[in-house]
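In what comes next, chain A is part of two complexes: it sits with chain B in the first one and with chain C in the second one.
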Partner chain A sequence: MAVRYAISIDLDRCIGCQACAVACQTGNELPAGDSFITVSDTVQSRGGGLWGSFVHHRCFHCDAAACVTVCPTGALAKQNGLTVIEPEKCTACGYCTDACPFDVPHIRDNRVSKCTACLGARGRIVPVPDARAGLLLRDGQEPWCVETCPSQALRFGERERLLAEAKSRVAALRSRYPNAAVYGETPLGGLGLLMILLDRPDAYGLPAKPVVPSTLTVWQDVVQPAASGLSALAAAAMGLMFIVARRQHAREKAEIAEETPVGGQDHE
Partner chain B sequence: MSSESPRLVQRYLRAQRFIHWIGVASFLTLLFSGIALLFPPLSFLAAGGLSRLMHQIAAIPFVALPLVYAVLLPRQTKELLIESFTYAREDWEWFKHMPAYMLGRTRGLPPQGRLNAGQKLHHAGTFLMFGTVAVSGFVLWVGKGRLGANGLACTAMVHDLAMLGLSVLMIGHVYFTFLYDAFSAMRTGFVTEEYARMEHAKWLAALPSEGFAFAPDASKSAEGSEGDTKSAAE
Partner chain C sequence: MPPGPTGKTRADGVRQTFLRGATAMQELIEPMITGTPYPIKGLVLYGTNLFHTVPNVPRTKEALQNLDFVLAIDVLPQDHVAWSDVVFPEATYLERYDELWACGHKTPYIALREPAIEPLYQTKPGWWMARELGLRLGLETFFPWQTAEEYLNQRLSSIGMDLDQLRKQNGVVIQKGKPYLANFEATGGSPFNTPSRKVELYSEALSTAGHSPLPDYQPPAEGPAGYFRLLYGRSPVHTFARTQNTPALYELQSENEVWVNDTAAARMGLRSGDRVWLENQDGAKSGPIAVKVTPRIRPDCVYMVHGFGHDAPGMTRAHGKGASDATLQTRYVLDRISGGAGLRVNFVKLVREA
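Presenting the complex of A and B:
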């Protein structure tokens, strides 16, 4: 099995500086108004005091990604645990924008637009020896956001290693933040973006248990094949039946012709 | 088949046939541009948005057709709707003979009116599926990005299944057309008297005598003239 890579975000280290968002936008040459990363903040009243944190909204690179499930052309695909895009395949049908449980993909200039962990246009990871991450991406570097983060809140690498690191971070953080947890270890086949949260997911507006509704699977795996399969079957069955029926019909017409006296063709 | 009657009976007006063929073109465009999203080996057709554009362009005449039909031919529209949803005893009788009819036998069929019971059922099914496919298609088009995963899946399933229904109806429609040599009804507007007697005896009997039988040169058969439209299709 191919190695699974991931990005991790440590919200204890994040200083909310927006450097990742800006680096992403510039590095990926996104047109004005488009972005793959937004960093906002949330402030809530907690037991007489205030509690605040930064909130990152960006692709979670779900392993069982709903966007990939519904994409009819394969423009969205999984590669090494990341959800990549082949933009030239995109038909802008918009299914992914509805299917994503995190409301991430969007259509920009008739193409799907979202984080691809800075993999190239063809979405190919080029593994080269690297002490830090175990692989390199575009031009032998890490994703723009990871590379730019000034507080080491963002990391990129093999998912297993990042997950282990995140867990030990959480263990250390628990004394200060009893609700601290790694978000994304198991849901949806395991997320390719691991977040170290300092509180429960809902404090960040994240679903505690993100799910892909089963209707989506039924649609893709049952209704779609049934619709095209049964149509094809009906056409094939009718085609075969036609041969038999045509013969019978010819025979019947001959019978009628024999029974009808010549010249007896008049109406009524 | 020397007994083939040269006499022809008009079944459809020029306007009806025109609308029918616009319907065929838009339906097939919609079907195949839609299949491009269902059938992975065809997905290259969808890449770049070409099939999506075709789907959206074809959807407009497809949905507009019944409205155009109703405006141009209000009487026929009303008649068609009423006939399609009214089933008399001979229709039920007809359904009993349907298996044999599907295999090419018309013997024992109760005499049928302008539409036989199978055609009625076909039209009724088409109306219902048409409404379903048009409404769900409109929701998918306008609601893009606002439906949520569940809404998308449910609407798309309704759309897919209605289209399955329409496709099966179309396959049956084409099947019977060619099995009983009825194609000329939509090509020239006329059918042979022999066909009309086998399949629509009651309708044939009820036709006004000056209108029912149009007898062009027998050698030209059903190909030639359009005929004037005052005749039998009504």
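Presenting the complex of A and C:
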């Protein structure tokens, strides 16, 4: 099995400077208005004092990625634990934008747009033998955000190693932050973006247990195999199934949104 | 205290009225208007946006109108550039050589700034302007070199290096630093340039110069009723008043916000995103600016990030975005020791955008 890579973010080390966002945008030559990373901050009144943290919003590179599951053309795919894009395959159907539990992929210039951990130029997959997996990224460099981070809050490397480091870091942080934890060890097959949180996930607006709507598995297990065999029939079935699945997905998504309010927050 | 290098009294009072300081920028404005201690006829502004650097902008504009000649050298069509007689558009830092960057802190290094591309449009590097002006003013003995490379190589030769070596080392020479007191004690030295060779809380030098030898706290003046003390600071995204027009940074932060305490905001019926004008105790206005309601500030103060509120149509993105703290700082308090200006002595009220 190919080595799983990951990015980790240590929110105790983040200084909120946004250098990662700038490096990402300029390094990936994103057009004006597009971005893969946003860094904001949250401040909450707690007891007599204030609690605050920086909040990073970017692709979590889920192992069981909902966007990859729903993508009908294979434009979104998994490679070494990272969720990558082959833009020329994208038809801008927008299913991924609905399916993502973190609201990450977006359509820009009729193509899906999101962080690909700087795999290849402008998110294109550059196939390389697994033995050279460490050289997947542009010229063997780390992702732009990681390379730029001035406080070493961002790391890139083998997921297993980063996870172990994150856990020992959390153990050290617990004396100051009793709720400190690694976010992303197990949900959705394990995330390719590990975050060292200093408090419970909901304090950052993150779902405690991110889930993919169950209808998406129907899509992957039934509709897509059918489409590959019986093209005419499948086309009809696909249309029907999609309408059903999409309707149900939209309903479930609305229900999930109602059930998990991001209460008591003052996003700034 | 010795006068400036020319032996002449400095108009800004540094080393005369004030004990320390490089330049007391704001103290140059009055001499431009009054001609005291001597008349000032011309001004060369290099990368300094006077209207965001010096408090009391109306007085600065009066001073500029009083001068015979103003030259502005800048990489951007900043606010003050329109007030100059001659403009030299400079190449950006990616298009020019600059003086060696020598840093003597914890890890001393020498860094090289060299052009990545040829200058675009009709811009020129600062060193080129200085040299060409020097030659025309009969100062050729100060410019015995032809190119920036030649000048930098000559400088580097004093440490047995040249440009090629510096480039090979990524433009950085790492030397062993002396960050600890023990580094100095070993040789009987001290990092502190004081008579006692210690950090001085009580200073005989200040006493001799007629100041209080101990820090002397003077409470700041209170503002009129209904006004907030105007505080200012920096955002990690922007550098002073010079990056607001930079595309990537503009996208991250295109305008500043005025922070208002949450209870004070509730009392006034203000919500985050509401747009207001700020008007100070002397009637100076700036805005409109978006309100940010937050518990992170005292109820009697408001805060904003410095460097916004550009009034420069050539700055196509930043022009008219947000409010300028400098415009609202019509008053300042002078530190008699350093010549530094205390600017947090202005007060504003919030007026809803009509």
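Just so it is clear, the second predicted complex is superposed on the first by the 204 of 268 C-alpha atoms of A that agree within 3 Å, B and C clash if a C-alpha of one lies under 4 Å from a C-alpha of the other, contacts with A are read in each partner's own complex, and residues count from 1 in each chain.
Here is the rule we use: a residue touches a chain if its C-beta (ideal position, glycine included) is under 8 Å from a C-beta of that chain, and two chains touch if they have at least 3 such contacts.
Because the structure is predicted, anything quoted here is derived from the model rather than measured.
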**OP:** Figure out whether A:2 sits in contact with chain B (first) or chain C (second), or with both, or with neither.
**Re:** neither
Subject >> More chain A residues in contact [chain B versus chain C] >> reply: B
Original post:
Between chain B (first) and chain C (second), which, if any, makes contact with A:171: first, second, both or neither?
Top reply: neither
Original post:
Does the superposition put A:249 against chain B (first), chain C (second), both, or neither?
Top reply: first
Original post:
If you stack the two complexes on chain A, which partner ends up touching A:50: first (chain B), second (chain C), both, or neither?
Top reply: second
Original post:
Where on chain A do chain B and chain C both make contact?
Top reply: 268
Original post:
Mind pulling up the chain C residues that touch chain A in the complex?
Top reply: 236-237, 247-249, 251-252, 292, 294-296
Original post:
Across the complex, what residues on chain B touch chain A?
Top reply: 1-3, 5, 7, 35-40, 43-44, 46-52, 102-107, 144-154, 156-157, 160-161, 163-164, 167-168, 171-172, 175, 178-180, 193-194, 198, 204-205, 209, 212-213
Original post:
Tell me, which parts of chain A touch chain C in their complex?
Top reply: 15-18, 21-22, 25-26, 32-33, 35, 43, 45, 50, 52, 266, 268
Original post:
Which bits of chain A are touching chain B when the two form their complex?
Top reply: 66, 70, 72-75, 88-95, 97-101, 106-107, 110, 212-213, 215-216, 218-219, 223-224, 226-228, 230-231, 234-235, 238, 241-242, 244-254, 256-257, 260, 262, 265, 267-268
